[in-house]
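What follows is a set of structures for review.
Presented sequentially are two complexes of chain A, the first with chain B as partner and the second with chain C.
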Partner chain A sequence: MMALDLSQNKYSDVSMEEKDRLFAEAKADERWEHVLYGCYECGICVAACPSARFYDFSPRVIAQAVAREDTDLIYTLMADSIWDCSQCFSCDRCPRKNSPGQIITILREVSVKNGLKSAKEALQGYGRIIYKIMLTGTQVSPDMLQPDAFPDWGTHVYEIAENLDDWRKALPPETLHTTETSWVIDDKTIIELYLIWHMTGVMDLISGVDEGLYDIIVDVMEERLEEAGYDDVTFD
Partner chain B sequence: MLHLPVLKADERKHSMDTDKGEKVDLTDAIFQLEKEGEWIVQRVPEPYIELDTKYGRKKKIPIEHTWHHKSCGQCGHIPGYSASIFWLNREFGLDYHDPTNQTSCTAWNYYASATSNPEAQAAVAIRNFASAYEVGYFPLIHCGTSFGHYKEVRHALVHQPELRRKVKAIMEKLGKPFVIPEEIVHYSEWVLAMKDRIAERQQLDMSMITATVHPACHYHKLIEDDAIYDSEIYGAQRTAIISGTLKALGINVADYSTWFDCCGFGFRHILVSRDFSRSFSVQRKIGVMIEEANPDVTVTHDTGCVTTLDQSQFAGKAHDKKVGLPVMSDSQMAALAMGAHPYKVLQLHWHNTDNKAFLEKLGIDHEKKWSEFQHEIQKIKDGKNEYMSWEDAK
Partner chain C sequence: MASENIIVIGGGPAGLEAARGVADLGYKAILVEKRDRLGGTPDEAQYAALTPDMRSAKEAMDEMRDAVTDNSGVELMLNTTVTGSEGELGNFVVKAEQGGKQIDIEAGAVILATGFQHFDPGRETQKYGYYEHDDVITLVDAEKMFTAGNFVRPSNGEKPKSVAFIQCVGSRDRQIGNEYCSKVCCGISSKQAIEVRHHCPDAKIYIFYIDMRMYGYWENEIYWPAQEKHKVNYIKGMATEILKQGDHLIVKGEDTTLRRPMEVPMDMVILAVGMEPSVGTKEMAEVFGVNKNKYGFIETIGGALNTVSTNVEGVFAAGACTGPADLEDSVSAAGSAVMKSIGAIRKAAVPA
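Take a look at the complex of A and B:
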């Protein structure tokens, strides 16, 4: 287990103003007042936390840091710790009614939005998943079951990959005979999904963390949107 | 690791905390917002069955006219999970709709990568709800994460007028109505509501089976008040989901001390940091279940849980860990009990951990069943059938 270094001013290359600004952005989130009420520093969240068992990770430390508004420590945690969370929300049993898991969700969003190095690193190798969900409407698909992607799942993945087409055809629900998406999705539905990504600023988020991926997604989307008669996809 | 003596589902002497806990009953607020013209509330269609939630609120579970909000992980990687849900509906002759204008909830990606935001997440949810409303069917959510996430979305939409305004504007641009379902219903609640009817039609004796249960975190930890509880199951100290269904099938539901723990899925971990998922799943769940309860099968009700608990055992074997426990969904167990084909309907060949001993214990000739499935595959290969139909799956 890698020890988590929480020494003061660990990221001295980042100014305190920047650290304050990032925390202010998290605090301005509409959800903030429903996810942090204070902190007894009791550690009940740690007892329930799966990630705390396998990493030097603690929802208590994260809740303490944000409750104390220690922006230097919060920055270190954003850089080195928040991506270890499993987002299981076992910590929602907090007696103070906090949700450390949701505090982490918000801190992750701020990290992605601001293109922090830690967010870029955390999302390395994740591009194909974002690509899939944004462009096809289903997050995972049968054709992702390839031995090189899941070597630790054993020989059965070979068997699935080898028989994929026939096994998909041997599924009684008519919507499941697909391999590139998990079920049949109408073109119109995918167009609606693209419009949602554009209207809600999700495309800007992607460009902040992975410009190459952003370019590919935009290329595909713009072509399809144009085909569907949407020339201008800028929304307020 | 320290092991405590554990009690079985029906050995707890407690009752439901109907007057304790902070209740999150959104019913009044949802209908009030409808009166104010904010949105349309889609009513639970009749007939429905009422089940108790954690603090005693009655939750309406629709029996039919359901719009099946499928799960990408189930349909993509363990498709017998979804096929079993549909099979059960068909066996009971219930009216349902399997849509092609549904998207994933995209919450898996959201919890894994944070490359989304509350407006996008809420808009994706409402677009799906609107699609159900437009055809007059009520959403039945197959995935535990979609279910938990949609409850969070609904909660946020009730409490955040600005979010409502943004989502309403998006729906207007898409030309879709702004609809919120009266209840967010998970398919396993439907299975539980149907448990007596399933037991009436049971063809397979399952009384020799011992099962452990893993409840999905996003089912009972997110908006916990909305999960189903029953004083007869763990004295209402734990959700009754799955356990209630298995008991109705005559299965011995065995307890273990890490019941509350998550499966290790981790959203991003299962995709890019699987060392964590494997270790947690094998050491904190499967290993503990085997050591304390020695079950024949473990049953869960979510995409990520089946995947992680099942797939992680392969690597556990290489490390001489206690593994080899078949993993199934409650829909598969219910379908099997009612006589569904283990390969044509349950599609057990997509699962990783060997389940032959479990099938043998139930008196199922798996070799014969596999050759029947292979026969269907041959018909597809020979071009005699384009697909295997429901009729062929009988």
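Take a look at the complex of A and C:
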């Protein structure tokens, strides 16, 4: 396997001040002091890591770069490597109780909040899921079982897709008699969900990584909120 | 004429503890020291704080000195150099020079506690430029600075913004001939890194190492706090040389675990020099006919079960004259030497 490209100045177009600022933002996270103590560089995290088997990815390098406060290298990792983690937290077996996986969680959040190109690219394939979860509160829905959606799921998907409504109605709980969402979601829940998105500012994250998606979601939400009597709630 | 006195040669930690122990057991210790004061290397080199508990070295040495001073069981002979020895267990006559005068000291047994000396980083190799660059110092130089309470760059008197420790200087090196690990330097460097942090809160501090050897409680008492609380960066990789560039030193090495070469600018470099047998240790080995190992330390013959007996009956050795040792090792070995030497005298005194 090729070694990770740890060469410096790979992103020399980004200033050191900006790289320092991004790392300072990660360090300011209240979880930070519990995710990195000191690193023996023993490699137990890599040994346990499923992603390291398939990608050019090392949780040890993440921990080391962060321990060394090497903001140049950290930026390089944020631009690429941190998106190869599957967030399974197998690395939590560290004898020093470090958590490379949680370091990555925080670095990813910083990347999203700051609209880094890598975050946009990594989330590109998830537009449909983000759309669904933001608007319905559920992520996986039966109507995703379209013949062309997941070819690797096999030919039986054709049959299921054809009679989806019937299959769902065969399930005993009435709340599952739907195909557009995982289960039936009532209006009150939807409105409360949108109010939570509004109050927590979570939509700002989405506008940073996908402006078009943001516009579509906000349109739907503002309309539903207005119908429910929340005329004064706007996202801009 | 048999003597029940025990001569202890060397007034450092091992010798001080041995003399105190002999007196505590009701025998008489004759403590011989060539310098004009007691305390050995911790005193002579002006150690600041002990590893790992950060206790003042001066305070600890004072405690040890007090235990043998005005002690009716200890006869102190300062400014005294042993030059020869005759006799055997129960009947040693040790020749010494004191103020230009030859004296004979009668003793039933001998405890050698002549210690070590710090490796001279200018010996054999100049790659780190110790005698070339003002800002390249040793652990020993740093101790003096901490004792004086003023840790600054020798070149300009300013506080350093970056400090690197280089481990295993003069140890674990076949080129130099010192193949052994000096045992204490990892702990002392880590302890000093914490002291550097107190003096220079914003400095970048690095320790370049081959293996960190922080056994037992040194791990949690020194290593983890240095790394976790005091943000000392441990980088596995040896520096190959130190160059001067403008106002800075350039440390050239490899960051092995990140697999990339390093050329990092530093304001100060501290060489973690190891231990070698002191001149006194080598001389006393000759005087008493005691075997030395290939590195010049006194060889003890009992393996793990007896760390103080030598090939000469009635001559025992304790502390860093037998190999790299920390204070705990030295004091423990001194206690063992006291027990063995008194035991030997008592057995010899029983008529056959």
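The criterion applied here is as follows: the second predicted complex is superposed on the first by the 229 of 236 C-alpha atoms of A that agree within 3 Å, B and C clash if a C-alpha of one lies under 4 Å from a C-alpha of the other, contacts with A are read in each partner's own complex, and residues count from 1 in each chain.
In this text, a contact is a pair of C-beta atoms (placed from the backbone, for glycine too) under 8 Å apart; a residue touches a chain by one contact, two chains touch by 3 or more.
Predicted model, so just to flag it, every value in this text is computed and none were measured.
Annotation for the three-chain superposition on chain A: chain B and chain C fit side by side.
In the superposition on chain A, A:Asp20 makes contact with neither chain B nor chain C.
Looking at the superposition, the partner that touches the larger set of chain A residues, chain B or chain C, turns out to be B. When both complexes are overlaid on chain A, the residue A:Val61 reaches chain C alone and has no touch with chain B. Of the two partner chains, neither chain B nor chain C is touched by A:Glu222.
Between the C-alpha centres of chain B and chain C, as viewed from that of chain A, the superposed structures give an angle of 90°, to the nearest 10. In the superposition on chain A, A:Tyr37 makes contact with chain C only, not with chain B. Measuring only between alpha carbons, the smallest separation of chain B from chain C in this overlay is 16 Å. Looking at chain A, you'll find no residue that touches chain B in one structure and chain C in the other.
By the touch criterion stated above, chain A contacts chain B in their complex at residues 30-31, 34, 48, 50-51, 53-55, 83, 86-90, 92-93, 97, 105, 108-109, 111-112, 119, 122-126, 129-130, 133, 137-142, 144-145, 150, 152-154, 156, 159-160, 163, 166-177, 182-186, 188-190, 192-193, 195-197, 199-202, 205-206, 209, 235. Touching chain A in their complex are the following residues of chain B: 22, 70-77, 79, 82-83, 86-87, 98-104, 106, 108-120, 123-124, 127, 131, 148, 156, 159-160, 162-163, 166, 170, 173-174, 176, 217-218, 221-222, 224, 260-262, 264-269, 271-272, 274, 276, 278-280, 284, 311, 314-315, 344-345, 347, 349-350, 352, 373, 376-377, 380-381, 386-390, 392-393.
Against chain A, in their complex, chain C makes its touches with residues 223-224, 227-228, 231, 233-236, 257-260.
Here chain A touches chain C in the complex through residues 3, 6-7, 37-38, 41, 60-61, 64-65, 67-69, 73, 96, going by the rule given at the top.
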